[in-house]
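Letters A, B and C mark the chains in the order given here, with residues in each chain numbered from 1 onward.
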Amino acid sequence: MIKKSFTKENFVKWVLTAFALSSLLFLFLIFAFILFEGLPLFLKIGLSKIIAGFKWAPTKGSFGIFPMIVSSFLVTFGALIIGAPMGLSCAIYLSEYSGKRMKMFLKPALELLAGIPSVVYGFLGVIYIVPLVRNYLGGSGFSLLSTSIILGVMILPTIISISFDALTSVPRTYREGSFAMGATKWQTIYRVVIPSAKSGILASFILGMGRAIGETMAVIMIAGNALRIPVSILDPLRTLTGNIALELAYATGDHRLGLFSTGVVLLVIIMILNYIANFGIKRKVIK
Amino acid sequence: MARIIGILSLAVIMFLSCTNGPGKEGRRGKKHTITIAGSTSVMPFTEKLAEHFMIDHPSTVVDVQGGGSTAGIQACLNRTVNIGMSSRQLKDAEMVLNEIIICYDGISVVVHPKNPINGLSLKEISDIFHGKITNWSQLGWVDRKIDAITREEGSGTRGSFEDLVMKSQDIDDGIMVQDSNGSVKEIVATDPYAIGYISLGLVDQRVKALAIDGVMPTVKHIKSKKYKIVRPFLYLTNGALDKYAQPFVTFVLSREGQNVLKKEGLVGIHD
Amino acid sequence: MRINPRIVDAAAKVGLSGQAFFTVGILIVIVAIICVKGLPYVNMEFIVSSPEDMGRHGGIFSAIIGTGLLAFLSILFATPLGVGTAIFLTEYTKESAFTKMIRFGVESLAGIPSILYGLFGFIFFVIKLGMGWSLLAGVLTMTIMILPTIIRTSEEAIKSVPRNLRIVSYSLSATKWETVTKVVLPAAAPGILTGIMLSVGRAVGETAAVIFTMGSSLRLPTSLMDSGRTMAVHFYILAREGISMEKAYATALVLVFSILFINVIAYYIMNKVTSRYS
């Protein structure tokens, strides 16, 4: 019996199990090391002083990241306001209107937007969007508005591809029933298709949010990175990701721990968003 | 498919292990590498020095990296680099390292060339960055918000700026933050209402350096100690240098090396 | 007054198609800007010569090699792990609490933003394991980062292989492993290749995770322990530090076109596959 477990088939199975476990191992390592570096400061300074503190001056002992949490959510909602209607319209057009040929061209083209590196988005934002905002609206141009525009475009591929999947998975019989009752195409889409695909569309928005809140390089290039909570859409701001990327190279001691604490907060936010998108909402779609 | 990948990967692995790999075999080859890392302010000048040095020392490769003053100091403490670069003074805990001052650098306050203001007092500058002066009209120009830009917490340039200009005042939270001299300069060069501070060596016609208390930031004024916002550029070593790194430091401190630095607008150690 | 539903219908059609073409227009504009500004400075010399004076002069040869090594080696590590996981999930086990856990792990890894990979790679590979800023640290970080993409696309590809093929194979008394390697994997290979190409694209375009693990040395990396610079990092530094706008646009051109090229191949393969089985 013992020898039997040494057969090739069993060996393969164990190796593959080990491979499959590697993903969990990596996830564990990432959590362990970010928490291991980030948590001591929470214990030392106190949770509330970090996540509800207003002052970030890590070399002088203040580690408040509340303004960055607020700013991260502000740019994320800004990106959603711009990206969600655009992305959803594209997805509806693709699934309901476009012919097969048009789809063959449009869908890959829209997905290629996802391939453009975030540094290129950031750079084009600095060169074209920032001066536009500065000259026509005021402020330095490095602002909540510019950042939201760029992030809004960056999350389009996520929103389009996931809403598209949700829309196409609505059974054809729903549409046929609606047409049979004399509804126009738009009425069918608006009253039947979108409501049936609602949870998938919602999931696409939440995954888009996850992408926006985690975006780094484009953001540090156009957000201006000021530490105060912006009061107007023309004010600069600093996100959680920006805080880490700006200061990691220079930081030592408690300063570095502070950046890992920022990472812990970001990780928690992202995990919550992903959990909602993948397990909270999608389950309903499958039913 | 699998075979092609296999062959390709074998080729890469052989390439990696043959060419100057981490193994002893490679190290005994002809080229010796000196690694230098740290301050992004010092890095461009070290790159220049390395290019000159490698002409006369073809068997030595000088590998220069950024990372920041603090990272340079850390790397030097861990002995992962031969030489660390810093644009700030060492803290007490870091004093085990040897400091070599390679030159002095002025920090100049810069604005857009269109800006009619030519000079400010030290007090005005610290008030701008403290958030007390927020509009150009307060300084006698147009009624427009000042777009001030500072460096990130932990930067050597910011540290020196805080010590020499801000003194006891804090830099305001509403001020924009960028993480390198270059990006501060880029914003100042494109935004007519911006003000920032950068290494004197990087000032060119795209930005305008301001006189402070009537003194222009020039090499002459730094030498005569009239211009006060000056910090040293440091090389750091952990114990004695090996026989490949030592000639580089000797070169940097020699007249030839110092001339390279002077050409870049820095102030040499002999002046 | 009620608006005629037919007018609303027509307006919706115009609005939605306009939106779709506007979005594609963004892509075209981005590519056009980069072409117009970058093309005059891209030539053979730019590709094959190394950067000088921090990239102000010379080309981007070392960055191209750095990018190639990073992408190739990450794929080399991630592909067996990813495809192995996909085979395990589809062929060797039934849906259970265990597979749910693995799927949860994969989904979670996919959602983690690249800066957190950078943070992890920096503390774990660069500092704790003492690799320093090196190609190896960059490769290992990137391997973990692209793993979810490879697992998900491979799983899709393996699942889409028709059940009949497997049944025939088993009926010829092939073992499970034989069926997987000789029947399932060859049939799923194009789909898996798509995932690999998409991952290469991701590795080529990544900055945040790379800059903190692989460093930014301009020199050609000659060993796994050398630091190096990818095209994306080189572009970021050129553009942000204002070193040279011409070289920045030229680098962006090479960078964006390599990624577009890789992705177009990926979609081409994917289309072939979907048309084969549908």
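General observations
Here, a contact is a pair of C-beta atoms (placed from the backbone, for glycine too) under 8 Å apart; a residue touches a chain by one contact, two chains touch by 3 or more.
Model, not experiment: these values are computed from the prediction.
Using CA-based centroids throughout, the chain positioned farthest away from chain C is B. A comparison of the A-C and B-C interfaces places the larger number of contacting C-beta pairs at A-C. With centres taken as mean Cα positions, chain B sits 34 Å from chain A.
With each centre defined as the average position of its C-alpha atoms, the distance from chain A to chain C rounds to 17 Å.
Chain geometry summary: the mean Cα position of chain B and that of chain C are 34 Å apart. Residue positions of chain B touching 2 or more other chains: 66-67, 186. Each of residues 126, 245, 249 in chain A touches at least two other chains. In chain C, 240 are the positions where the chain touches two or more neighbouring chains simultaneously.
Within the complex, the chain B residues that touch chain C are 1, 5, 8-9, 12, 16, 19-22, 26, 37, 44, 47-48, 51, 61, 63-67, 75, 78, 80, 180-183, 185-186, 189.
Residues 52-54, 69, 72-73, 76, 79, 130, 132-133, 189, 193, 215-219, 222-227, 240-243 of chain C touch chain B in their complex. Looking at the complex, you find that chain B touches chain A at residues 66-71, 73-74, 145, 147, 152-155, 170, 172-179, 186-187, 190-191, 193-194. On the side of chain C, the complex with chain A involves touching residues 5-6, 8-9, 12-13, 15-17, 19-20, 22-24, 26-27, 30, 33-34, 80-81, 84-85, 87-89, 92, 101-102, 104-109, 111-120, 122-124, 128, 144, 147-148, 151, 175-177, 201, 204-208, 212, 232, 235-236, 239-240, 248, 252, 255-256, 259-260, 262-264, 267, 271. Remark: chain A residues 55-59, 67, 126, 131, 134, 138-142, 220, 224-228, 235-236, 238, 245-247, 249-252, 255 touch chain B in the complex.
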